[in-house]
Structures are given as structure tokens and as C-alpha cells.
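Which chain is which? They are A, B, C, D, E and F, in the order written, and residues in each are numbered from 1.
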Amino acid sequence: MTEGIIVFNMTPNVLRNFFSKSATRLYPKETRETFGNVRGELYNKIEACIFCRTCARKCPSQCITVDTKEATWQCDPFVCVYCGVCVENCPKKCLYQKNEYRKPAIEKEVIFMKGEIKKEKTEEDQQEK
Amino acid sequence: MIRGAILVTIGVVVAPLLGGLIAGVDRRLTAWFQSRYGPPVWQPFFDVMKLFGKEKLVVNGWQVFCAYIYITAAMLSVVLFFLQSDLLLILFVQAVGAIFLVIGAFSATSPYSQVGANRELIQILTYEPLIILAFVGIYLVTGSFKISQVLLQTKPLLASLPLLYIALCYALTIKLRKSPFDFSTSHHAHQELVKGFLTEYSGPYLALVEIGHWYEVVLILGLCSLFWATSWIGIIVLVGLTYLCEILIDNTMARMTWRWMLGYVWTIGLAMSFVNLIWLHGR
Amino acid sequence: MDTIKTFIRKSRIKSPWLLHFDCGSCNGCDIEVLACLTPVYDIERFGIINVGNPKHADLLLVTGTVNHRNKKVLGNLAEQMPEPKIVVALGSCGLSGGVFREAYNVIGGVDKIIPVDVYVPGCPPKPEAIIDGVVTGLAKFAQKKGDTS
Amino acid sequence: MLNTLLFVLILGPFIAAALCFVVRIRHIRSFIVLAMACLLAAASLLLFVKGPFSHTPPSLLGIPTHWWILWGDDILLFTMLYYGFKHRHLLTKILVIFQIVCLDYFELFMVDHSKTFPLFVADNLSLIMVLIISIVGSLICVFAIPYMDKHEEKEGFQKSRQPKFFAFLVVIMGAMNGLVLSNNIIFMYMFFEVTTLGSFMLISYDRSEIALRNAVRALWMNCLAGAAFIVAMVCAYVTQGTVDAQKLIQAGHMGGIMLTPLALLCFAGLAKAAQIPFQSWLLGAMVAPTPTSALLHSSTMVKAGVYIALRFAPGYAGTFLSQCLAVYGAFTFLAASAMAVSQSNGKKILAYSTIGNLGLIFACAGINTPEAITAGILLIIFHAFSKALLFLCVGDIEQHIGSRDIEFMRGLYAKMPRTAIVALLGIITMMLPPFGVLLSKWMAIEAASKHLFVMVLLAVGSSLMVMYWARWAGILLSAPYGSQVTPERQGVLTRLPLLVLVGGAVVLSLCAPLLYSNLVAPILSAPSFSVRAGIFDNPTGAFLLYPVILVLGLGFICALYAARKARKARTSGPYLSGAQTKDPECFEGPMRKPVAVSSQIYYFESIFGEQRLTVWFNIFGGMFLALLIGGAL
Amino acid sequence: MARTIIPFGPQHPVFPEPLHLKLVLEDEIVKEAVPALGYVHRGLEMLADIRDYHQMIQICERVCGICSTIHAQCYCQGIEELMGIEVPARAKFLRVIWAEIHRVQSHLLWLGLFADAFGFESLFMQCWKIRERVMDINEATGGNRVNVSVNIIGGVKRDLAPDMTRWILSELDLVEQEVKRLEKVLLHDYTVKKRTVGKGVLTKDQALELGAVGPTLRGSGVAQDIRQLGYAAYGDLSYTPVVAKDGDAYSRNRVRFLETYQAIALVREAISKLPPGEISVKVKGKPEGEIVSRVEQPRGELMYYIKGNGKKNLDRLRIRTPTFANIPPLLSMLPGIELADVPVIVLSIDPCISCTER
Amino acid sequence: MKEEVISVTPDTLGNKIAEMKKNGYRFVTMSCVELDSDTVDILYHFDKNLELAHFRLTIPKNEAAPSISPVYFAAFLVENEIQDQFGIRFDGLAIDYNRTLYLEEEVQRAPYCRITVSNVEGSEGD
């Protein structure tokens, strides 16, 4: 009963907070090392890519477009959910995720990569894009 | 005359600056109590300046009118305070502002604003008798409602009005819109009423209301300071400690409901005031 | 007059008030937005307050996919925000519909309904990324024209 | 000159009434009422200019005045008895018969009519009362002219009852003038009874069942007051051997024995002024057309009650009676304010507010210091103007929107901008500085600060009062988003009284220092305030009237300018959690249906519910009354 | 008499999610409350038509961002049962560890939001401060703070190394220590009790009749918890449901608070009993037949109905989330309470609207 | 399914449900599955002490199913959901959202009935 009418039960907690350093990480000034296996931004080591389309097929959000003929690998980072399924299933292990997140953007953007494995293609029309 | 002019200037110019600073310090301290880093102490000034730069957006033109009257009344009450005028008069002038704020909130049809206005009225209803009785206590000690008389006292009022001071602190909590009594609006709007009666004020008009609130904070802390007006140290210690307590209370209590407030503050607050007054009366 | 205008402009960067609207997200992003307000990230350092009321807000933080029902709400909220304002879309869903963009009740990203100023990718973006996004937006915010008279 | 003025002020209305009753042509009746109103106002001003006097008029038509009075009284009482029988109301019959017996015995066998003393004595209090009655009352009569036409049209009466209505409307004014000017308390009694009968006739005007019931209630309660008055007269005559009011007041100082008649007179006043256990008659009077309520509430009838209390206040200064009256008045103030909070009926709010303010005046009379008396007198003046204004506004509003419920006055500004603003001003003058009602309340509170109980009651009561006024004011301005303000058309006879009253309420507040130093201060035993540069100052406190007016006035102008400028600002619908539909007053609810938002103000039925509180307050009020009378005996 | 009608939501600062309630009030007492849903409805069950049953794991994780791993777990268990896959023991224990870590995280989140609902801001901050440690565990073990994404059909993706488990235990010790400090506040503070005791009472009979689940049901005195079925490794762990009997907001608060301790204890036990071995098995074939899979989410019983027809796309995937079951009880609690208690009561069922509407 | 699924018809459903309620079963949920172009299965799931019980009701799409929400109020939400998603009507719903629980006018076409509405599938997504 006596416990029931006690107010200010929070006081020890707030006083502890008051007299100790704040828990705040002053982010832009003070950054923390990310944990080792964080699933961050997705990249493709395009020179190793064989354009097998496994990643495109396995991707749950269908953000990867691979053109086997043109040897292009394209990923919409704004659709990607950073689940890592493509990385796990990549037969060549040429896909990898950085530990960092992609930076915010003001415009929509697309990761477009052009590789050159077997077939040589004219590059002009791709450059224009 | 010159002294009067200086006091008026202090009231008009310094009071809001002080009020803004108090608000900033309040936010910083609250952050520390919550283990946060907190905004810079001059954050409130940035907020208000930014609001002045925003687009004017109104729901009902009367809101604008009411915001201006609010700030005028708040300013006038502070000026009257610095001119060491009559306490009751100050309260009534302050009430003009409070009432017009409510009227402004009523003038917009948003249910949040309306409910907030109703609640604000309940809060006014709750704190007004307490403040009036505190003034009566001051009168019984000093024989006058004038602040100038209070300042002539040689003994701190707190010694003879301890319970009334506590009752006044209830009013202070309500007026500062601090937990557990922040029903009608709150600075951190995670509550059932969004921003309560301030929901429909925006941009420059919200800035006016904010500045008016600073005036009111200064006024009510000034009223607290009267209880130890014999020395500057007394004033600083008393007001500082009171404000610190308010922040602490804000951080260690859940928001209650207004029904609870009405019952609790009226019974406990009025009983304490009454006991103190009877004691004074019997002396 | 000019100094006041400059000061107002400066104040804008220092005090962006935030309105968060969950526009059909899975809660992941919302919780991260809330986490930003809490001690470890504490975006109140930047003067950001979660005001929860479009009329007070400068910064609309939208998470989640837009669907046929909440698109109206999103439009309403954006309309009720006084200028200048910025819209930040959070998370894959907010940017494009993400993993759900092919579901039948999903229209797509936030930019299909209202113009978006900053896109913050991630599923969900970490609080640090949200802070980055807001900071990116602020630069844009200061330059926007408002009523500085 | 004085004779003419007194004739015009007291008997003029009776003659006008007779004309109204006889001449059945609408336009002529209107003209008579208008002319009478002008005449009364002019006469009252002239009388005012003449200043205080004491005067005995020559006998009328050669018959001694006391015979006129006796006949008048008997006619009055028998009329009341007739109505008592007609409505089969036992209590009324008993009270009236008691009065007839007492009065006739008293007048015929006890009073020595040969003693001469001034029959009419006017000090500043009386003059103020005459002014209020004649000016505010006349304005109400003028307002009634177009109002009653519309009213009868709406009610669909077969035959116009306006002749009788206007007759009694003006009669009450004459009676009130007589009451406040009389020095002979038998005169006072007669005029007192005329107001009783007049109010009965006015309340029963609609002749609906409820109107009759309420009218009868008003009748018996006021008869009770009359009976108390008679007993008081008899007692006073037995102890002092005179019916000279001035003498009685002076006699009060002599001690205990004089207290009984004074207590009974106060009782009569309390019942007349509808203080707590008697409040039901005034609330019931709300069924009558608005001019009736306006007249009864602002300048006449209930003011007779407080006038008596204030008039005899010096007589009981410093006694237990006085203390008791102070607490009782403060209690009524609190109780009426509390009950007003639970009301949504505009007229009822006004009624409770009247009861509360009268309670405050009684409290002032009870406190009985110069400050308190000042407060009481000023309150009578300011209250009369503001309250009459508000009643007329409610009447006008009711005729336009078909309801007197304040919930239906939402968005009134859009429908009737002019009336809405006038009503708003009326409300503000009732509760906020720098206006007169608040000035007098400030004085009352400062005067009461030594009386602990009174103080606590006043403190709580005044904040309750702020509550019910403020929300009403807010509601008047709340308009649906985007609604266009339609200009309002108003007849000149409607607009004129409203404008004069609102002007009066505002300008008189500005003139408060003048009113005080020229009118109130001379009657006081000691000056209560020193007035300099519009600052009321005494050792207890200071009210910086002109500085406050100046600053708030400037703020008001700025605010108006800003609001005007803000018309160009972008408008946006109210915040509805983002769910608003194309119509910004609706939100999209469940099942995709648009739901119109609505809001209701809080009436706290569970805390301040009228039913609940009335019982308790009546018990307390009864106890106070018993204490008041019992203590005095 | 006109009543106050308030649109409570879809955008409202007290709800992080768009729930809409049409509230009809009289003197701030709720007379009528009608919910409107559909602001978060995406139709993701339908995505089973265009995504194969492996990809659906990622989608199920994104049904809800607070208990994502448990959704995936439920889905995977369903498919595994349908295809007759026996999951390695270590994987089962790992699933329990992640599920319970998620429960700690979710309950701390909820305790914070609940505190926020009755305006206790510093308590909200405190809960979320503690929660950040749990989020760190998520990020360190799964690579993402929210979508840990460890479950796959046939086991789990990631293993926990011994030094990682040690670190988890030490972090959880800190968490438990901090949570203990809040016990006095959340369970015994006068103001908190005043705002929660007796608010939104749901009796035992009502709770069962209206189909309440999880802490809402256990707060009404019914000791029912899907973990009692012993799915994953729960059969090997000591576990009894936490029950409180009053059925009010306070009881639900109490259940969740004590479950936080329990979840930490379960993680400790699971780590101590963690068997060695494989963490996943290879999956062959396509799901065929229908199955109901149930697990205990932080919010209560989660039910997946899966129907496969031997193709890589499922025939039907239906998700019944705990909040979906808790909404009818919520509606029975709302009338008659004060407006100020609406957030408290709505949050007391721990609503997850994105779960509900999918 | 591990547990037996008892088939019911619209006529026997009412009795069965009432019996379940009498026996103290908790209503878990209903699942609706499209069988072919004309019929759907509605599965009713109940639970008592963690034991599941299921009923299967097979009805044509154009026929209204009897609502069990008068017996189990908790069912109103899921029945409304099925109305939205499959276009099956329920008779006697406790709170009938009339196919507006989730959907707006834009998607008023029983999205889960893929076989009958396959011709408009093209408009899905973006």
C-alpha cells in the first residue's frame, strides 16, 4: 500500500541521467564503427560478373535488372531492401554489400554498370544514357 | 519617472529574452534528465524567428486578433509587475490574454483546438483561485496588494506563507504547462490532443503566442520571487530551486487527467491555502 | 531588415520541426524515426521537435508505401503545412514502394503524390541515415522562399 | 420643476401604461412607448443634474398621499389574491391575505399619518438608480417594439396581447423609480408590490402552462418578500415609531433591536433579487419574451432587492447581520456561477450570472466598508448595461436562429456579424479588465480580503464565472472554415438600443473615475479610493485603469489591423488528422463516409449539474437565511 | 445535444501508425468508437502469386518491422512442416535466441510508447535508451537493426560465434539491470497506476470470447501462450506464461514488463544449452498441401495459413496477426472511458497496424 | 493439416459454431481460399487450450455466406476482410463495412479472386 502512493519513483533514474554523461552519440561529429556484417549498400564487381541473372531472379523486390546480351547490370537502390539474398546466391561472389548505408539523395538515381565479358558491343549508345 | 521608464523597458524587452532563455535552459535540463544531449539554450529564439519567417496560414481570422491581444495582455501584465503595481490587477490583465487565447482556439472548428480550449478553461478555473488566495495571503502579511509594499518587507514572505507557496507552485505547474498538468497543449505533442488549443495557430501567430508564453513565465516566476524578495540571493535561490523542482516533477510524473486535477488541486491546494490563511488570520 | 532575413534563414536550419507520417510502412522506418528522438540519437540537438501537427511542421518525414487510402491523407497533410517546407521520403517503400510495389493496393513511392526533396534509402534506414537525410534537406530548406516580411 | 420631474418619472409610466392599454392601435402604442422612453430618459437626466434633494410633493387631486397608497396597495393585493384564486395556489393566497390583513391594520390603526417628513429623498444612490432604470429600461422598451411584433407573429396569437404587455413593461419602470426615490417605507412597499405584480403579468404573458406555472412561482416568492417587508415595517414602526427610511437607517446604529426589521428588509431584498433558495423564480422568468427578462434582470426588479440592501447598509454596518450577509452573498455568487457552468441555454446562463452578480453586490453590502459599497454601486451600474445588452442580443439572436442554446450560436459571426460582435463586447465587458464589471469585482475582492470565507468563495466563484463567459465568447466567433460573412440587416429600433447599450457599457467603463468621484464618493462615509489620472488608488491596492485601457486599446487596434491584414493570408481547413475530405469541415470516417466534425463545450453535468447542485445549494442557502434572520432576532 | 466528434488518426502524434478512430465524446467521455483501417493495407499476401516461396520470407519479414524475425520464423516453420523438413537442433535454438531478443526489443519499445501515451516522456526516453542496446545486438548478429533476416527454410542463415554469445549475454545483463530500475516506476508509481489501473478492463470471459491473444489475453488471467506448444526449441527450455488477473491496462503492462525479464532469461538459457552442429539443411521440392503454423509474437499468437500446390508460388498465404485478433477486444474497452485514456487503452493492446492490415 | 478439417454447409454452420462457443472455444480466424472460378473455401479456425479445430465451408462465389459475427463478435473483422478481398458477401455482419474495410474505389474488384479477374490483372502494380 505504501508503495502504491509513492510518487517520484522515477527520480533516481532521472538524477542518475542528470549526473552522468548523456547517452547521446553526437552523430555527424562522432560516428561509430559499424558492426562487421552490416548489410549496407549493394555493389557489383562488374568485371567478375557473368550476367547470369540469378540475382535478378532471387531478389524479393525485383530491383536488379540484368541484360545478358548487353552485359549490363542495373540496380535501383531506391527499391532495394538490402536483404542480401542476391549476395548469398551470387555464383561468382561478385556482388557484395558494404558496411555503410547509401547516402540520402536529392534526385532519384540508378546504379548502372556495364561490363564486357564475352560479347563486344558498341559503347556509344550506352554512354549517351 | 526615469525609474519607471527603465522598469517598463525591462518589462517589455528583457522579459521575453529572459523567458526565452529560461525556456532554452528548461529544454536543456530536461534533456539532461532524460540522458539526452539537448538543444542549445538559445534554441527557443531560433524556433520563434523561424516561425516568423513562415507562411501565414489561418483557419479563422479571429485567431490572429486573439494572438495579438494575448501578447499585449501578457506584456502589459509583466510591465505592471515591474512597475510594482497591484497583484490582483496583474492577474486580471494576465487573464485577458489567457481568455483571448481560449477564444482564439474556440474560433477554429478543429475538434482538437476546441477540446484544448475547453481544457484550457478548466486549467484557468483550477489555478485562478489558488493565485488569488496566494495574493490574499500576501495581503494579510503586508496589508496591501501592491508589490511595492511587498518589497518593503524585511522578512521573507515564505516564512509566513509556506503552504500558500506550495499551492502557488501547483498554479505554476499548470501555467508552465508541465506534467502532470499539461492537458491543453504541451511542448512535446505526443499526447491525445496533438497541440491542443495551439493546433490551429501556425507560423508568425504561433511565434506571438510563444513570446506571450515567455512573458507569462517571467511573470509567474516573478510572483514566486516575491516570496523571498528581501535579498537577490534569496530570489535567485528560491526561483531557481522552484524551477528545477518543476522540471524534475515534469520528468518524474505521468500526465494525469483534468478530472483528477480539478479534484486534487482544488481539495489539496485550496485546503493548504485555507489553512495557511487561517493561521495568518489568527495571528 | 536584411540582417533579420538572414537570421530567419539561419533559424530555419536550426529549428526544423518535424511531422512524421506513416504512410503504410511496416513500422521498421517509423520506429527508427522515433528512435532518432530518443537519447542515443537525440535529434533535438538540431532543434528538431516531433510536433505531430502539419500546421507547425517544416519537415514532413514520410515512411512507407502510398496506397489508395492514405494518398489523400498524405496530400492533405502536405497541403496544411505552411511554406517553406521540405518532404523527406524514408526507406525503400517511401522511395518507390520497395518490396511491395507490385502489390495491388500500392501506388508506389511518396513522389507519386507530393514532390519529394530528399530520398533516404534503406530498409529501414538507420537513424544515422535519417539524420543525414534531414541535414541534406535543411540545406534546401534554408534556400526556400518563405514569408520573411 | 421637481414636482413635474417626479410626476413624469413615477406617474408618467403609469399614465403611459393606461394609454397603451386603452389605445389598441399599434403605431400609436409604439409612439407612446417611444415618447415615454424619451421623456423618462430626459427627466432622469434633468433630475440627475438637479442633484440630491428631499421633497414632499403636494397631495394629488386633493386626496392625502397616504390614502392613495392605501388604495393602491389594496387594489394591488386584491388583484394578486384574484390570481392566487385563479391559479389555485394556496401559498400565494395565504401570503397575500396575510399582507392584506397586516397592511390594513398597520395603515389604518397603527401609523400616525400626521407626522411629516420628506416623502421623497434622493441621494446619489437613488439618482444613479433612477438613471439606470430610466435609460436602460427605456432602451429595453424601445427594443421591445419591433421584437414583440416578431414574437407574436412567431407564436401565432389570435389576438395581440401587446397592449397589456407594454402597459406592464412601463409600469414596472415607474414603480422602480418610485421605489428608489421614496423615503417613506410604506411607499417603498407599494412600489415593491407593483413590481411583483408587474413581473407576474409579464412572465405569464405567453399563457402557456409553463409560463403560468413560473409566473405563479414568481408571484408567491415575491409575495414572501412582500410579507417580510410588511413585518419589517411593523417592527420598525413599533420600535422606532417612524416609517422614515432615513431615520431607520440612522437608528440602526443604536443597536440590536433595530436589527430585526433590517434583517427582514434584507430578506425581502434577497428574495426579490432571487438569491439562492429563491433563484427558481428568476430562472422561470426566462420563459417570458426577452424584453421582460432584460428588464427584470438588468435595471429593475432584482435591482430593487440590492437597492434595499445597499440603502439600509449603513444601518447594519458592523453587525452579525452584515457579516452573515457578506458570506451569504459570496456563497450565492459561487453557487450561481457553478450552476451556470452546466448550462447551455444562453438565457439561463445570463440568469445565473445575474444571480451571481447580485450575490456579489449583497456581499459588498455585507462587507459594508466604503470600498465595498463603492464596488456594489459601481457593479449595479455596469452590470445593468452589460446584462441588458446581453439579453437583448440573445433575444435578437433567438429570433434569427431560432434557438437560445449557446451550442447553436456556433459560427454566429458568419450569420449575424453585427450582433455577434455586440454580444462579444457585452461578454467581454462582463468579465475582463479594463471594463467596469471587473473593476468593481476587483474592488469587491480587495474589500473582501479581510473576510476569509468571503474571499475563498469569491476566488472560486470568479474563476467559474470566467469559465462560462469565455466559452460563450469563443463560440460566437467560431465559424466553419470558409464560411462567408453575410452582412446583417437590422431594424433601427433594434440596432439603436444595442448600440447605445454597448456604447454605454464601454464608455461608462472609461468614465469610471468620474462616476466614482462625482457620484459614489459623496455618499460614502469615507472616501475609499483616491483617483488620479484614472488610477484608483488606496493603501490596499491600485487599479491602473487608464494605463491599462491605453495599452490594451493600442493592442486592440494593432490586433484589428493585423487581423485585417491576415485576410490576405492563405487559409487552410482545420486540422483533422489528415483525414479531411473535400469539404474541410468533414473527415473521412469509417466505411468511407464523410463525418462532419462537431464539438461541444463541456457542461460538467456530473460535477456542476443543475439538478444535483440545486438541492444542496438550496439547503445551504436556506441555512444561511435562517442564520441571517435568526442571528438578527 | 451536439457531441464532440474527433477523428483520432490516421495521422496522430501518439500513434506511430495510421489507425483511425472516429470518437464520439460527451464531456470527454467516449460514447462511441468506430475504427477505420486500410491506411497501411498493401495486399502483400497477394505477392505470393508473383514471388516464389523463398522470396516470401523477405516479404513476411516486412509484414511488421518490430517483430520481423518472428514472422519469418512462423512462415519458415510452416513451410518446413509442409515439406517435412527437420531443422537442425542448433538452428532451433538460434531461432529462439533471435525471437526472444526481438521480444525484449519489442516490449521495451512498447513500454516506451505506453509511457508516452500517458505523457511520461522521460520514461519513454529511458525505455528507448535501454532498447538501443538490444538493437545493437540485432545489428551485430543479423546485419540490420530491424530486419535481422536470419531465418531461411531449413534453418537459419547466420550462426552465433561463442564470443558473440558472450557479448550478447553481457549486453543483456546491462539491459536487465537498467530494466530493473524501471520496475518501481512502471509497476508501482502512483501516477502510472492512476493512469492505468482499472482502465480498459477486459474480463477473462470477455477476453476469451472476443478472441484476445498474447499479453492482452494473459493480462486477463488466461495462461495461454503458443510457446507452450514447444515449437522450435521452446520444448527444451523452462517456461511458464506470465499472467496477471485484473485485465486492465495495468495488468497488460505488468505482463509485458515481466515478460521482458523472462525473455532475457530464455535467451540466457538457450545460449547455455546451445547445441553444436549444422545451422541449416538443404531444401528440395515444392510445398504442397495446407498447414496452419502458429508462433508467439511479442503481441500474441501469430498464425500463418499456408496452402501450396506443388508449384514454386504458394496457392494461398494468409497471415492472422495478433493485433487483428486484439482489435475486437479493444473496441469493447473503449466506450465509457475518458479521451485522455484512449491512447493508453489503444496502446495497451500493443497495436501493430501494419501487421493487422498487411 | 495436422488436425482434422470438418466440412460444413451453410445450413449446418450455425449449429456447429454455436456448439464451439458453448464448448468454450476461442475464435482464431477464418481463411478464405479460391478453389476455382466459381467456388471458394472458407476455413474457420478455433482454439481451445492450444488445440486447433477447423471447419471448411465450400460455397459458390456469388452466394452469400452466413456470418458468424453475431455469435463470435471477433469474426466481424475477418469477414469484412473476406468481403473486401474475395467479394463474398456475409449475411448478418455485426459491423458491415460494406467492402470498404481496406479498399478504396480504385481497387473495387476482389483482388484475391485471381482466376475470375485475370483479365484486369494488367493494371496491378505500377
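Just so it is clear, a contact is a pair of C-beta atoms (placed from the backbone, for glycine too) under 8 Å apart; a residue touches a chain by one contact, two chains touch by 3 or more.
Remember, predicted model here, so these are calculated numbers, not experimental data.
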| item | value |
| --- | --- |
| From chain F, the most remote chain by mean C-alpha position | D |
| Between A-B and B-D, the pair joined by more C-beta contacts | B-D |
| Label of the chain whose CA centroid is most distant from the centroid of chain E | D |
| Chain occupying the middle, per Cα centroid | B |
| Interchain centroid distance [CA atoms averaged], chain A/chain E, Å | 26 |
| Distance from chain C to chain B - Cα centre to Cα centre, in angstrom | 33 |
| Centre-of-Cα separation between chain F and chain E, whole angstrom | 25 |
| Distance between the centres, which are taken as Cα means, of chain E and chain D, whole angstrom | 65 |
| Chain B: positions in contact with at least two other chains | 31, 33-38, 55-57, 111-112, 114-115, 188-190, 194, 199-200, 251-253 |
| Interface hub residues of chain A, defined as touching at least two other chains | 7, 9-10, 14, 17, 22-24, 26, 60-61, 81-83 |
| Where chain E touches two or more other chains, by residue | 4-8, 10-14, 25, 28, 34, 38, 41, 43, 46, 58-59, 62, 120, 122-126, 129, 132, 144, 147, 189, 191 |
| Every chain pair meeting the contact rule | A-B, A-C, A-E, B-C, B-D, B-E, C-D, C-E, C-F, D-E, D-F, E-F |
| Chain D-facing residues of chain E, complex | 1-12, 20, 22, 25-28, 34-36 |
| Complex contact set, residues of chain F against chain D | 97-98, 100, 104 |
| Touching residues (chain side chain D, partner chain C) in the complex | 570, 572-573, 575-576, 578-580, 588 |
| Residues of chain B touching chain D in the complex | 55-62, 64-69, 71-73, 75-76, 79-80, 85-89, 92-93, 95-96, 99, 102-115, 117-118, 121-122, 124-126, 128-129, 132-133, 136, 139-140, 143-146, 194, 199-200, 262, 266, 270, 273-274, 277-278, 281 |
| Residues of chain F that touch chain C when the two form their complex | 102-107, 111, 124-126 |
